[in-house]
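Take a look at the structures listed below.
Here chain A shows up in two complexes: once beside chain B, once beside chain C.
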Partner chain A sequence: MFQSKLRSETLKGVVDVVSTLIDEAKFVIDANGVSLKAVDPAHVAMIDLHLDKAAFEQFSANDTELGLDLDKLRDVLRLSKSGDLIEMRQDEERNRLVISVGNITRRMNLVSTEGMSDPKVPNITLPAKLSVNIEELQRGIKAAESISDHISLNANPDGFELISEGDTDLVSLKLPKDLLVSLDCKDPVRSLYPMDYFSNLIRAIPAGTVLSINIGNDLPVRLDFEIAGGKGKVKYLLAPRIEND
Partner chain B sequence: MNDDWTELYRPNNLSEVLGNPKAVKDLRDWAIAWESGNPTEKAVVLMGPPGIGKTSTALALAKEFNWGVVEMNASDSRNADAIKNIAIRGAISDTFTDSGEFLSAKDGRRKLIILDEADNIFGREDHGGIPAMAELIRSTKQPVILIVNDFYELGRRSSIIKTGTKQIKFTKLQSATVRTILKRIATDQGVEVDENVVYAIADRSNGDVRAAIRDIQAVAQGMDHVRMEDIKGLGDRLSKHSMYDLMGEILQGTSGANARSTMMDADEDIDYVMKWLDENIPLVYKDPEELSRAYAHMSRADLFLSRVSKRQYYGFWSYAAEHMTYGVCTSKSTVKRGYVQYNFPKMLLRLSRSKEARGVKASVALKLGSECHSSMKQVVEDILPYFRELYQKDKDFQLAISAKLSLELEEVAYLLDGKIDSPAVKHVMQEIEGMRRNPYEEETARIDTSKPKKGRKKTKEEPDEKRLEEPKVKREVPKEEPKEEKKEAPKSEEPKGTQTTLF
Partner chain C sequence: MSYQVSDVAIKELFGPIERTDNSMVSNLCVLCKGSKNLCGKDRCSLMVKYYARSRTKPLIDSLDLAGSSPPGVFVGRYGYPKVDVGPLVPPDFGDTAFMDTPEGWVGKPIEDICDFRFRLVRGKFRVGVKDFQNAGKMMDLTRDLALSVNSVDVEANFNKKPSGKIVLDDEIQPFGPSARLNNFDITNPKYDHKVEKAFYDTDMKAVEAVTSLYKDGVLISKLQKAFSIGAFGVERNRRLVPTRWSITAVDDTLGKDLLRSTKTFPPIGEWRIYDWDQLDNRWCVMLMPTSWRYELIEAWYPNTAWNPMGKQIEVISSHELFDGRKDYAEIGGCYYAARLAVNELLMKERRTAGAVIFREAHPGYIMPVGVWNVRENVRRALLEQPSKFNSLNEALVHLGNRMDIPVRRWLSTSEVLKDFLRQRRIDDYV
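== the complex of A and B ==
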């Protein structure tokens, strides 16, 4: 059973963050809130999201699963504006989700969750940890995007640097320690990532967020941030690009 | 749990794969090379008839080596974007598995990219799939497996798929191997299956394990003991006549009634039988009079078939069938003995091989037709042969017209008689790209002015420009912007001469 009311912008935040990696998602719901774990179709990135029940205006549920087509959710969001209340109710008999925005009601068939995986977030030790205002990164990504199809993330005790190096050009975004919110790094680390993934993830993160980044040497990067005013938590993991040996 | 036994009993590692030992060994060697990071070929092609374990072997390989799997099969869209977004993006990065484990290529933990039914990538929905596949093979940093039934077809469409891959052949399984698999499954399910049942199912599978497993699931699921009489349900199909039986009965048999009843049992499409007969009658009937009688019946049957479709009255099927069986069978004046190797209709073979080419030809004809104010048919008959000649010989014309008609990769390849990833074709595509970006050179104009041959008049330049856009939009060509600049360029440049008169 699942019945809830939430603000349009909360739902939009969730949809934005999830749909950058996957088209269909399995939301696991229990009495404490909604969570989702998924690996993208190319098996390169992963998302772990939890939305606490406090993020909802009204929330009542016991354990259930909802398979949702994110494009459809987006359609519903288009009907609403920021601040609108969206009501969602699971129709278990017909295996549907009923969504109401104002006077509009939309019923949507749920997607079968049978084939969807249940990934666990891997336990990877990442030696460097830093946090930064997302705007700083978004600006840098914009400059780096057209240069190359990969981007390297470098951290050392003095700061954090993004480098995108193409055949002819190079863009680097240097964030010395004082421009970062925090930095915890003993030895220099570096990893290379696919540009399209990294920029899509960074772009999906809402403005005003403080993003925490964990990196290592040729290891996945973990991005942690909060959504829904601190009532939701998102973890992205992105696998490194294979460098030519 | 999984209800489909063909899924449930997939092998868990390569040692569990039965049959095709050489292929399995080759595949394992290839995987070991990947583990240490330096395979000679980055991709392999598994080829062979359906249902003999190609996909199962690929998946077993991934399990044995603890690799991740990204699989795209015919139920996924496999156009250029899909292959780029999933296979190629996956192929250049490390991996998270479905269970959330991180695999690093440095440790030999790979991601196996499987393109199943890779010879079935065609058509509008899979547009650009083949070049994307070639790109995948070229750029991948992870192991790639292509699975095909018909390698010839795929290799013909792209040379890198032929040269850049290791090809591993799978053959039909022997009946004994199929029996082993069936017995294991029966034991696992706790069903007692009589030996003759196992034999019957294995024999009729003709080496197709998937079919055999489906059959045993159909008869054994929920049973304790399967006896011969229990497989009556399959029994009907067991006695099912193949097309070869039918041909034999009609062309070499002496009883029209038998031929007719065989056809009833054969469960083959009547149009299909007609094509088979058409192909095989001359193999058996050598006497001109027999031939003439037989084909008289065939033509009557054909008439009935066309009435079936015209009037949508399926009752005529039975008349057509009588002519094809009784009629053709009784057309012979002597008994036909001896073994005859009946052939698959060549017409169908040719049609399926040329499917792609015909599609491309049609799209070229459509584009050209809207330029020449002609129907596609007319273009194909009157213009295309000359156009193609001209296109191959005159480089300037080639580039100009390619840009003007917004020809696509496949179309250029067709006109040049080359493969889509051959250097010549690529060169032309690059040039066109360049022309689209640099608006100043607009040779297209020349062709424009010289068009109205064959008495077809063109009123003005502009409306034509518009019409040109139409087919383009339908074919989803992304490049559209630079069209604007073209308009003024034409007048400023004088035709250079040679090709003006030709077209």
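== the complex of A and C ==
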């Protein structure tokens, strides 16, 4: 059973961060809130999301699963403006989700969750950790995007640097320690990531977010941030590219 | 007087003497005249064309031609949006369907294919691609003929004797000489009622017509003919599509439609390689136990159809990752033809996979015979028993034994394999 009311911007935040990786999602719901774990179809990136019941205006549920088409949710969001309340109710008999925005009601068939796996979240120790305002990174990504199909993330005790190097051009975004919110790094680390994935993840993160970045040498990067005013948590994991020639 | 002085004088009079490399005569054919195999090809492609043509020539040396069209039509692309359209007619009567049904050509030697293709005389008349609906009797008959399931007898009257160059193209199957039509007539065609229904349904989109008829078992060569003659689509959008474009349009549409399903299936459980040889083309189709990604790599030996003057092997490739590609594949229509063939197998098995197709075109492949060569041979390759492997390394060893080109050359060209080797997956860390 699942019945809730939430603000339109809260739902939008969730849809934005999830739909950058997948089109259909399996939301796992219990009495404490909603969570989701998914890898993208190419298994290069992963999202681990939890939305606490406090993020909802009203929330009552016991253990259930909802398979949702994120494009349809986006359609519903287009009907609402910021601040509107969206009501969601699971119709277990008909296997549907009933969504109401004001006087509009949409009943949507749920997507089968049978084929959707429950990915395990890798447990990796990443030696360097720093946090930064998302706007800084988004600016850097904009500059670096067209340069190459990969991007390197570098951290050392003095700061953080994004470098994208193509055949003819190089773009770097250098953030010394005083431009970072925090920096915890003893030895220099460097990893390389696919540009399209990294830029899509960074762009999906809402403005005003303080992003925590965890990196190592040739290891996945973990991006941690909060949504829904601190009542939701998102973890992205992105697998590295290894230079072997 | 020294040699230098006269050189200067000549330079003043005529400009500098051009330096040419006389060790390599630019046109070997002049020296060889079809007898010495100087170009390195197994047989002389000019002579193969010449003999095929000389056998046809006396049969069509007239202003009138009667014969059974397979049925076949050709829509040209020069002058678009005003193009040359018309039926393909051989000087033969009876069931000539095989002449325009590439699905049945795998296994035929290149001479045979040329022989019957060059018998097809291309009648033509000029029509605007969008105003073909009311372009007159010849257009209506051409369309009726194109939609027929059986061979249709044609009586044609040309304004000149059929002539002109024999067309050779990587995309389209070859055909013989051509001539402008004064008029022509046909016997009654027979229709496939499913195709006919799509033709009369002027609200159905062309994509829908192509995909649904394909699922009903209509041959790709039939779909492509109907598509090119403007038989599908919403009424006001209907138009003629040059044959060359229509082949790729149909292959691309069908491949994409299958991909929508196959992408969601679970991956195959092992590495596979399907081996196949035909027309001195050597094929290895590698399937990877991964999500969808695809690449076609072609290696053209010196002196093959598309590397006539080269001194080294040219390797070219196009690829896509999971999300597909937006721009037209560098290597052309064969990319889409092979992608369709791979997805037919995945659909049948209800599995997904990554696919890298390796093709070596050896010197026996003396001339291009059309995209069908790629589609039908990849289809045929996938009917073979695959060799199965536990890892990429084992699969590459097999590839190395099968192909002449060393594995490192394939690897340095293949974007899909490079991505596989360099890009880690989340699963690697669980």
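To be clear about the criterion, the second predicted complex is superposed on the first by the 243 of 245 C-alpha atoms of A that agree within 3 Å, B and C clash if a C-alpha of one lies under 4 Å from a C-alpha of the other, contacts with A are read in each partner's own complex, and residues count from 1 in each chain.
One rule holds for everything that comes next: contacts are C-beta pairs under 8 Å (C-beta built on N, C-alpha and C of every residue); 3 or more make two chains touch, one makes a residue touch a chain.
These numbers were taken from a predicted model, which means no experiment stands behind them.
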Partners on chain A (chain B, chain C) - clash or fit: clash
Touched partner set for A:240, first chain B, second chain C, both or neither: both
Contacts of A:194 with chain B and chain C, given as first, second, both or neither: both
Residue contacts with chain A in the superposition, chain B compared against chain C: B
Chain B versus chain C as contact partner of A:39, first or second or both or neither: both
Which superposed partner A:118 touches (first chain B, second chain C, both, neither): first
Chain A positions touched by chain B in one structure and by chain C in the second: 39, 41-46, 119-120, 122, 124, 194, 219-220, 237, 239-242, 244
Residues of chain B touching chain A in the complex: 37, 68-70, 85-87, 89-90, 92-102, 104-106, 111, 141-142
Residue numbers on chain A that touch chain B, as the complex places them: 37, 39, 41-46, 117-122, 124, 193-194, 196-197, 218-220, 237, 239-242, 244-245
Chain A partner contacts - residues on chain C that touch it in the complex: 263-264, 266, 290-293, 321-322, 421-430
Residue ranges of chain A touching chain C (in the complex, touch as defined): 39, 41-46, 115, 119-120, 122, 124, 194, 219-220, 237, 239-244
